[in-house]
Amino acid sequence: MRLSPSRRKPHPDSFAIALLRAVLACTVFVAMAQTDLLFAQTDTESGWFNADRTQALVLGIVLTGAILLYVVLAASGRPLFIRKIAGLETVEEAVGRATEMGKPILYVPGLNDMDEVQTIASMNLLGHLATIIAGYDSRLHVPVRKSLVMSVARETVQQSYLSAGRPDAYQEDDIHYVSDAQFAYAAAVDGIIVRERPAACFYLGGFYAESLILAETGNSIGAIQIAGTARPPQLPFFVAACDYTLIGEELFAASAYLSKEPRMLGSLKGQDAGKGIAIVFILAGSALATLESVTGNETVREVSQIVLWLFR
Amino acid sequence: MRRKIPLIITFIIGVVLVTGYFVTRGPFNTLYESFSDYFAIITVFAFILGGGSLLKIHLKRVSNRSTDWPYSVVTLAGFLVTLVIGLFKVGNPDGMGGEILAAGSWLRFLFDGVYNPLSATMFSLLAFFVASASYRAFRARTKEATILLSAAMVILLGRTPVGAWLTAWMPEILGFLELPNLANWIMAWPNTAGQRAIMIGIALGVIATSLRIILGIERNYLGRRE
Amino acid sequence: MRIPDSILHIDRRIIFLLIGAAVCIPLILQPRFQDSPTPIVQSIFDTVERLPSGSRVFLSFDYGPDTAPELDPMAKALVRHTMTRGHEVSFFTLFPEGLGQIKKITDNLLPVEFPEKAYGRDFVNLGYKAGLGGAINTMVVNFRTLINADAEGTPLDDLPMTADVDEMVDYAIILSLTAGDPGLKEWIQFAGDIAGIPVMGGGTAVVAPELYPYYPQQLVGLMGGLKGASEYESALVDRYPAYRNATMDATMRMGPQVVTHVLIVLLILLGNLAYFFGRSGRPGRNDRTDRADQADRRR
Amino acid sequence: MDVTLQLWIDAALTLMILSFLYRDNPFYKFAEHLFVGVSAAYLMAIGFWDHLVPNLLGKLFPSLMSGVVPGAVGRSPDYYYIIPAVFGLLLLTRLVDRWAWLSRWALAFIVGGSAGFNLPRFLDSDFIIQVQSTMVPLVVLDPAGNLLWGASFSHIVLVLGVICGLVYFFFSVEHKGILGHVSRAGIWVLMVTFGAAFGYTVMARISLLTGRMEALGAWLATMF
């Protein structure tokens, strides 16, 4: 896999800055809690802190703490494993195939705007993909529904071509706005698919009902199709009509997988810790609830209430 | 410097909004509440970029006489006519002060006559694609595909009166195996379990990505390093 | 080519033609299928039924014309039910296109079926508000900053029904008809979970599976797709037999549903039979080669 | 406007789009290109009148906008709205090459804002509450203390299903041994979910086509 030198290892400075920011963020939180105490005394009405969200704060600190911890560990050089994500290995093959056939590659970044985290994840993936494509000299076509996404996609792709040493290959007009209307966008992308006959189609981001319209049309021209979305309702259609589908969280993991960048892998490990926490609490909560229902024991009930409180 | 300031902005706004979620009053909270509002406003500015891109692409196609260029004329005409009608409320019975989609206005006619049928018909293509996709994909090739297929079949039949009719002969004790009941059970339990696992995973993905963005670890979206 | 092969690689346009026929023929012949409500739908009906007459109901039309065939029947059934029960209904939408959907109810259904109900006293149209989920958030935190007038600009204080609505919690229940984002999920996240107002409603069959995990803790009940609507209609007819002769859109539209579902099931069975008989001679065929063949044949 | 005319346009455009099912053709191309142009401008106009005018201009210059924004009369300006105005304008610097870098400030605001807005929201609704809803007793008894087989089985399926599904999403461990089996079961749970959701959706899609066919029927009816 081709990687730009700057991606291969993290910049020590930027990492120190990130850590500094984390400390700063914690300080803000603590300061906030302090003001809460201060104001709670002077203000008889209520404190500034929303007490209903204590649990979210506690779990938020635990989860973000776990993620940060692994990011720090990974950055300090601890090797991290990442499991195979079906579909991502074929990316390079798909790009190669497109080049051989002299056909373009279609990238659809979903319908959402930049206010959705999955669009940001999609832009990251587009960056990695563009780096690969730049090395192969095939055309990348990115029709976009939101003009903000267009701006970001252009920046990202241009940067990738630049770092791959092919700034000349970057074509601004290949990343273009279509229409904000969902089905006008779908109609136009369908048109692009049947007329340009891309060898590979990527659908990565937030998708709605148009998912199957695009994927079935792509299927009918025999393109290799790789999809991924964090919008659960559309997953079944991608699973049915595409060759590979990144399911939910896999979309967020894909960028770490492709870049193998230590801090990204560390963050992924932190996410796994989050799932571990979820599993442990589900098991504990269910066991306690079972005990409570079978024995009716008062102590069990109290303990289970505490666990339930943590999750509201 | 050109990269640092954006990262500082990201950090500040990120921390302020996260804080705003936990705080009941003050500027933090105001910002949290108004972010969507602000975003909607900025998006309108972004329309100018989008419209510019659309015009540029299609004008280029027309001037280069590329394949299918006459259709670009259709796009350009549709775009410009609608834009003028929309922005200046042309043909609005109540003038500039009237409701944008007031009954009888030209924009309303474009919406009801053009936008709406096109949108609904594109959407309805799905009825056909759902059939062709299920015909092709629902084949018992592997164990996973077989599970997918079986679940889909139960729901497909269970959601119509035919399902009830097919299994109505079952004795009462096996009532839970009647197709409508089985379909509802699958929706309520295994489906919920799968959806939840996906949702929890996504939540963690969103949390981690957001955190990386706020802390400046994730910065590809800013593009060029200078 | 052997028969199983030609079935496996059937031209998709033949499938398209069959689907078209399966929808059109029942539409012309109009068969009627009887339905009965499942618990998840019944619980919405029961909640609306048990509310004391004159309760305030918030009904959000979070959909546009493209999903209207599925959600309009629910809207009609809910409006008929709430009006019959004498509740005060506030219409609202988070979709710009939702205004048109509200208008269909206030201009066409209400004057015909409930001529005695008056605007401002029995129902109001609060119009469209932008801001997606954030708008709900604002309404819960401070209702009047977002909504201070109805869709026509009449201040809420001048309308008898809304004069003393100051907060979201002044509504007994929130009903949303959902086509996507924002919709029931956001109503649950920003209003139900936070302000404790019971949230329920209907969703297209696409969004419904995503909403199941919220039932019953965070979501009182859910009508999923046309089937959910037809179940609500049957619950309504059971309780108020006067509606037996009214046009029940969802019930009418179940005909094409039934025929197409059966057709799709038959197609899937056929595909599998052909697959098993066609596979015996050639092990190791998979998706990819199938697809390449298919595409090559078409070119 | 004339209802009959509208019915005819409606029917013509519907048939043009449906013709795509046969193959790409000039009618579809025409409808597609018309749709792109009209819809892009339509949504821009709606965005302008529904967001920019009442939410920005109406908030910053209420007295100036009183003619077009109901309720703006007598309101004092809300200066917080300078924030989106500034960032919105910064975004437009993209149009000028020399200042284009300034548009990143706006992007930074939006991306940072979405991160800050979504982090706690997903934590609360999709993590905490979903975990909590899965903490159910594996043995369900009725008030008299008798075992409810069906409900207990359902609860076990739910808890095990969620756990297996979560294990499938573990990225930093190899899916081997016991973990491999559990993750395999996780895939099965996901497959049931996808199959069920797919089957459930077929209905919605057919409803949409029914709606379109009814519209075509109304058009045909005008001819006879």
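Just so it is clear, A, B, C and D label the chains in written order, and each chain counts residues from 1 on its own.
Definition applied: a residue touches a chain if its C-beta (ideal position, glycine included) is under 8 Å from a C-beta of that chain, and two chains touch if they have at least 3 such contacts.
Just so we're clear, the structure is a prediction, and the values are computed from it rather than from any experiment.
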{"item": "Maximum inter-chain contact count - chain pair", "value": "B-D"}
{"item": "Chain whose mean Cα position lies farthest from subunit A", "value": "C"}
{"item": "Length of the line joining the C-alpha centres of subunit A and subunit B, rounded to whole Å", "value": "16"}
{"item": "Computed distance of Cα centres, subunit D from subunit B, in Å", "value": "3"}
{"item": "Subunit B residues counted as touching two or more neighbouring chains", "value": "11, 15, 21-22, 34-37, 39-40, 42-43, 46-51, 54, 68, 111, 115-116, 118-120, 122-123, 125-130, 132, 134, 136, 138, 148-149, 152-153, 156, 159, 187-188, 191-192, 195-196, 198-202, 204, 206-207, 209-211, 213-214, 221-223"}
{"item": "Multi-chain contact residues (two or more partners), subunit A", "value": "53, 56, 60, 63, 114-115, 117, 120, 148, 151-152, 155, 177-181, 183-184, 187, 195, 209, 219, 232-233, 235, 237, 239-240, 247-249, 253, 268, 271, 274-275, 278"}
{"item": "Per-residue overlap in subunit D, given as positions that touch at least 2 other chains", "value": "17, 20-21, 29, 31-32, 35-40, 42-44, 46-47, 50-51, 55, 91, 94, 104, 107, 110-111, 113-115, 117-121, 123-124, 127, 129-131, 133-134, 159, 162-163, 166, 169, 190, 193-198, 200-203, 206, 208-209, 211"}
{"item": "Chain contact graph, described as a line, ring, star, complete graph or other shape", "value": "complete"}
{"item": "Sites on subunit A touched by subunit B in the complex", "value": "6, 14, 17-18, 21-22, 24-25, 28-29, 32, 46-50, 53, 56-57, 60, 63-64, 67-68, 71, 113-115, 117-118, 120-121, 123-124, 127, 146-148, 150-152, 154-156, 158-159, 162, 173, 176-184, 186-187, 195, 209-210, 212-213, 215-216, 219, 230, 232, 235, 237, 239-241, 247-249, 251-253, 263-264, 267-268, 270-271, 274-275, 278"}
{"item": "In the complex, subunit A residues that touch subunit D", "value": "53, 55-56, 59-60, 63, 80-83, 85, 114-117, 120, 148, 151-152, 155, 177-181, 183-184, 187-188, 190-191, 194-195, 232-233, 235-237, 239-240, 247-250, 253, 256-257, 265, 268-269, 271-272, 274-275, 278-279, 281-283, 285-290, 292-294, 307-308, 311-312"}
{"item": "In the complex, subunit D residues that touch subunit B", "value": "1, 5-6, 9-10, 13-14, 17-18, 20-21, 29-52, 55-56, 67-68, 80-81, 83-85, 87-89, 91-92, 94-95, 101, 104-123, 126-127, 130-131, 133-134, 150, 154, 157-166, 168-169, 186-203, 205-206, 208-209, 211-212, 215"}
{"item": "Subunit A-facing residues of subunit C, complex", "value": "12, 66, 180, 194, 206-207, 209-210, 287-288, 291-292, 294-296, 298"}
{"item": "Residue ranges of subunit C touching subunit D (in the complex, touch as defined)", "value": "13, 16, 19-20, 23-24, 27, 66-70, 96, 128, 130, 133, 148-149, 153, 155, 188-189, 193, 204-206, 208-209, 213, 217-218, 224-227, 253, 256-257, 260-261, 264"}
